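Chain nomenclature is as follows: A, B, C and D, assigned in order of appearance, with residue numbering initiated at 1 for each chain independently.
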Amino acid sequence: MLETLDFLEIAQSYRAIFLDSYGVVKNHRGLIPGGSETIKALREAGKTIRILTNDASRSPEQQAARFEKQGLTGLAPAEIITSGMMAKLFLEQKVKGGKVAYLGTENAAHYILAANLNSIAVSKIDLADCSDITAMVFLDDEGFDWNRDINTTVNLLRKRNIPAIVANSDKLYPVAKNDVSIATGGIAKLVESILNRKFIHFGKPDTQMFNYAFEDINTQGNFTREDILMVGDTLHTDILGGNKFGVRTVLVLSGNTRAENADIQIRSTGIIPDYVCDSIVG
Amino acid sequence: MLETLDFLEIAQSYRAIFLDSYGVVKNHRGLIPGGSETIKALREAGKTIRILTNDASRSPEQQAARFEKQGLTGLAPAEIITSGMMAKLFLEQKVKGGKVAYLGTENAAHYILAANLNSIAVSKIDLADCSDITAMVFLDDEGFDWNRDINTTVNLLRKRNIPAIVANSDKLYPVAKNDVSIATGGIAKLVESILNRKFIHFGKPDTQMFNYAFEDINTQGNFTREDILMVGDTLHTDILGGNKFGVRTVLVLSGNTRAENADIQIRSTGIIPDYVCDSIVG
Amino acid sequence: MLETLDFLEIAQSYRAIFLDSYGVVKNHRGLIPGGSETIKALREAGKTIRILTNDASRSPEQQAARFEKQGLTGLAPAEIITSGMMAKLFLEQKVKGGKVAYLGTENAAHYILAANLNSIAVSKIDLADCSDITAMVFLDDEGFDWNRDINTTVNLLRKRNIPAIVANSDKLYPVAKNDVSIATGGIAKLVESILNRKFIHFGKPDTQMFNYAFEDINTQGNFTREDILMVGDTLHTDILGGNKFGVRTVLVLSGNTRAENADIQIRSTGIIPDYVCDSIVG
Amino acid sequence: MLETLDFLEIAQSYRAIFLDSYGVVKNHRGLIPGGSETIKALREAGKTIRILTNDASRSPEQQAARFEKQGLTGLAPAEIITSGMMAKLFLEQKVKGGKVAYLGTENAAHYILAANLNSIAVSKIDLADCSDITAMVFLDDEGFDWNRDINTTVNLLRKRNIPAIVANSDKLYPVAKNDVSIATGGIAKLVESILNRKFIHFGKPDTQMFNYAFEDINTQGNFTREDILMVGDTLHTDILGGNKFGVRTVLVLSGNTRAENADIQIRSTGIIPDYVCDSIVG
């Protein structure tokens, strides 16, 4: 299996291409070289495109603007589906009034505001007067002081019996060829472990985002699962989610999964992509 | 919130009713008293019904036959959606040839056969000659000798680098008013802990079964999420899954969640049903 | 480091030798070939000997009798120190009256009786009438029906707010060259996970047994830690415990740690034996 | 049991008193009111005193100086036994040369220097040139940038196959009447979870510190376990450790264990102190 295949050749057989963002279209240095051309080629071939990303740090609009700035033009916000959007739908449906506390940048708080709720950064919380806080959301690993604000979060959740929501369950993300950084899900896990409690998690491998994208593209076209190809760099999120949703999956080796480990990881986890490519370029 | 409401009155506002099986329609003694009448009333009111159950121990046909025997007539196999069916779809797509080992009764092996694969009970495995085994599935907590066969499973997964699939992630099920029994997911967790490995899990709260049911009823009708009511007795499977899928949810107090704890559990988990009823009868 | 050394040559420099039992002196087939001669040679050289074993399934007397039967003569019960004895001291000090429930063979119940307490096998418990049960002890993985009795244990600990004690924390033990069996600690972990509770654990790497042995040999001699050599086959119990207690440690490759993995395991865990030998014979 | 007793009256029956520091002798505001007088009374009654603390953030000398400054005079450094000292003994015995990386203040690095090793703060590490780092020690939750330095620690341990040592396993400590702060052990647990690896932990409830104190006081006197009383505010460290070591234990309600929860916590954990007192004053 681990002879890798040409991505564009595989993509020919599908009408819609779902792509993870980080590790697939971009990495810590920006767009992957040639990525822009691949997306353009997919467009020209008439493929419907959606980005499915476990990223709750920015709105689809901001993510689209960032792609644009990095050189990938023409990706519409409506083509970007984030785990933050799933969390937003949940907040909208289940949290009534009050203030929603969050860890993350101000940008990330977008998802709370979009749910028509008031937001408050954890750094702004007065633990002596927090009875109006109605939910806690883990949105990003940046934008706050870890020591001070993770501790405040622990104390908030000891005082207030409220839902805690993890808008991105990833534990790690790559920040350089060989280095990683603890992601939102890792921070949430620390708090869960300290409190001995399980929070509500969003993002791949849950099939919710796939379903959202599937229904979305079906408002315009008439797609079945056979028409769809999911492309990702992480077995236990992108590929497992795609496999569970019942679409074909491509593992690319340009991110979390290294070429030298791919075979053993695939066999030992049983998370088996339909195809393996070096990247969306190769 | 915890004044409970009348179930049939709530159900009036919806066109399709999704129900968990154990703790909702039946319990350890059989059908819940009056359950048959409720289902009949839903039928007469023209509601579309689906059972969504984390049960991989029997095929939909067998489960329908069992309901019939217990006094609930007219439930078609096609109306019963099981976590075993989700596991079957996965096996079908991802396991090619060989034999699939399983823990469970012979009835449960149905899901392997339905995926057009050969099955072998763990008790029949010869560890000295197991190179043809291509996957391991946890189907049921019954039908095998726990001591001998869980140990064989551990050794099989040490020898063979194959996918391990948990067709029902529930850790516990009630067997009497105050007693519980370790379920398939609990046994799988023991093996995961011994091997320090994560398996592939199926069943609620994953939204996959909801989606399957949703697409299924839309082959005949034209349903939106607003038309659907999910009824369950367990917050972190039935209600969380329904909430994530975006349908309205009813918590019934006839199974895993006790009336005296419901309020505190709802508030502390943040898994908030839209309605609470004593049962589908009350 | 991984050139292995001659055990008897190393032992020369020490006045007291502490040995793990399983994987060191014996294995699943009986005494290791030549083991009896090594023990005899240590005796003749005037070494003080203690067996330190995470085994709560038999009394020191029974273990001595078993060694005798297997061909290792002259090992006195007083030279065998078991994790069961540590659990017994705890029960003696902390449990007053009532009955102590246990999982294990009748032999294992010895440790409860030795603490002057009444014992009751879990299989004999009537959950409807269990108010006289004052503690639960996990003694062995044998001597009971796993399905029935582990479930009874779960329900007992849901009904009765009592201490649960794990007299042997090992999760696995080898039963053949390539096969393992789930041990008492693995069963306890399943119950802990189901109940989301932590029990009280005994055995290496806790330094308690080392201290017991140290004080014991000092009733007759005048030993310092420098005089003592600990011999074991498992890094995270025997070697970590010995290192923490401050005595020199030998890893033997005749049990849990395979020659081909020893180096990488030592470096990655940081549990560094002072010496490595093929076995107490080689 | 939960009528509390007078501490000094209990202490009369013992010749040596072991006390935890935080939550017993001091709290987040300084010495507990009357604490100094209690220690003085114990001295005048001829009791031998040792402080046993899971604190690796300062040397015994610095801790003694701090007590002095807070108003508790005459506590000698030699009377203070810390989990940091246990980690130091381990480093001394097992790490040869190179540099030992640490998380904590410069004060905490004392324990590395005392083991005759070179230390380097994680903040000073160049991941591109870290081949001379031979161990990693978690000493304190303060003195570093959590975001930057915990991430550096994760990457260091991915690059270097070296022992990781947790010199204080406590997950939480109280910082105000109702607030807590994540402690060294909590941070270590985050890194363990990210790397899926277990580190080497020091501190109570391991009986190692009790044994160290026991041997230490026996260099001057002639003490048996019956002569010793352990005083602590935390069931699963102070009281469990004391119980396992076989000395009598007092739970005080001036720290981690609240009066209103003490009874239920004692019964459910099975960690049973011999006495309960409001504090060492009351």
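The rule is short, and it goes like this: a contact is a pair of C-beta atoms (placed from the backbone, for glycine too) under 8 Å apart; a residue touches a chain by one contact, two chains touch by 3 or more.
Since the structure is predicted, the reported quantities are computational estimates derived from the model, not experimental observations.
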Chain of greatest Cα-centre distance to chain A: C
Chain A-chain D separation of Cα centroids, rounded to whole Å: 40
Euclidean distance of C-alpha centroids - chain B vs chain D, Å: 47
Centroid spacing, where centroids are CA-atom means, of chain C and chain D in whole angstrom: 28
Chain-level touch network, classified as line, ring, star, complete or other: ring
Pairwise chain contacts under the document criterion: A-B, A-D, B-C, C-D
Chain B residues touching chain A - in the complex, by the definition given at the top: 86, 89-90, 93-94, 135, 161-165, 197-200, 202, 206-208, 211, 236, 240, 243-246, 264, 267-272
In the complex, chain A residues that touch chain D: 127, 141, 145-147, 150-151, 154-155, 158-159, 171-172, 178-182, 186, 189-190, 193-194
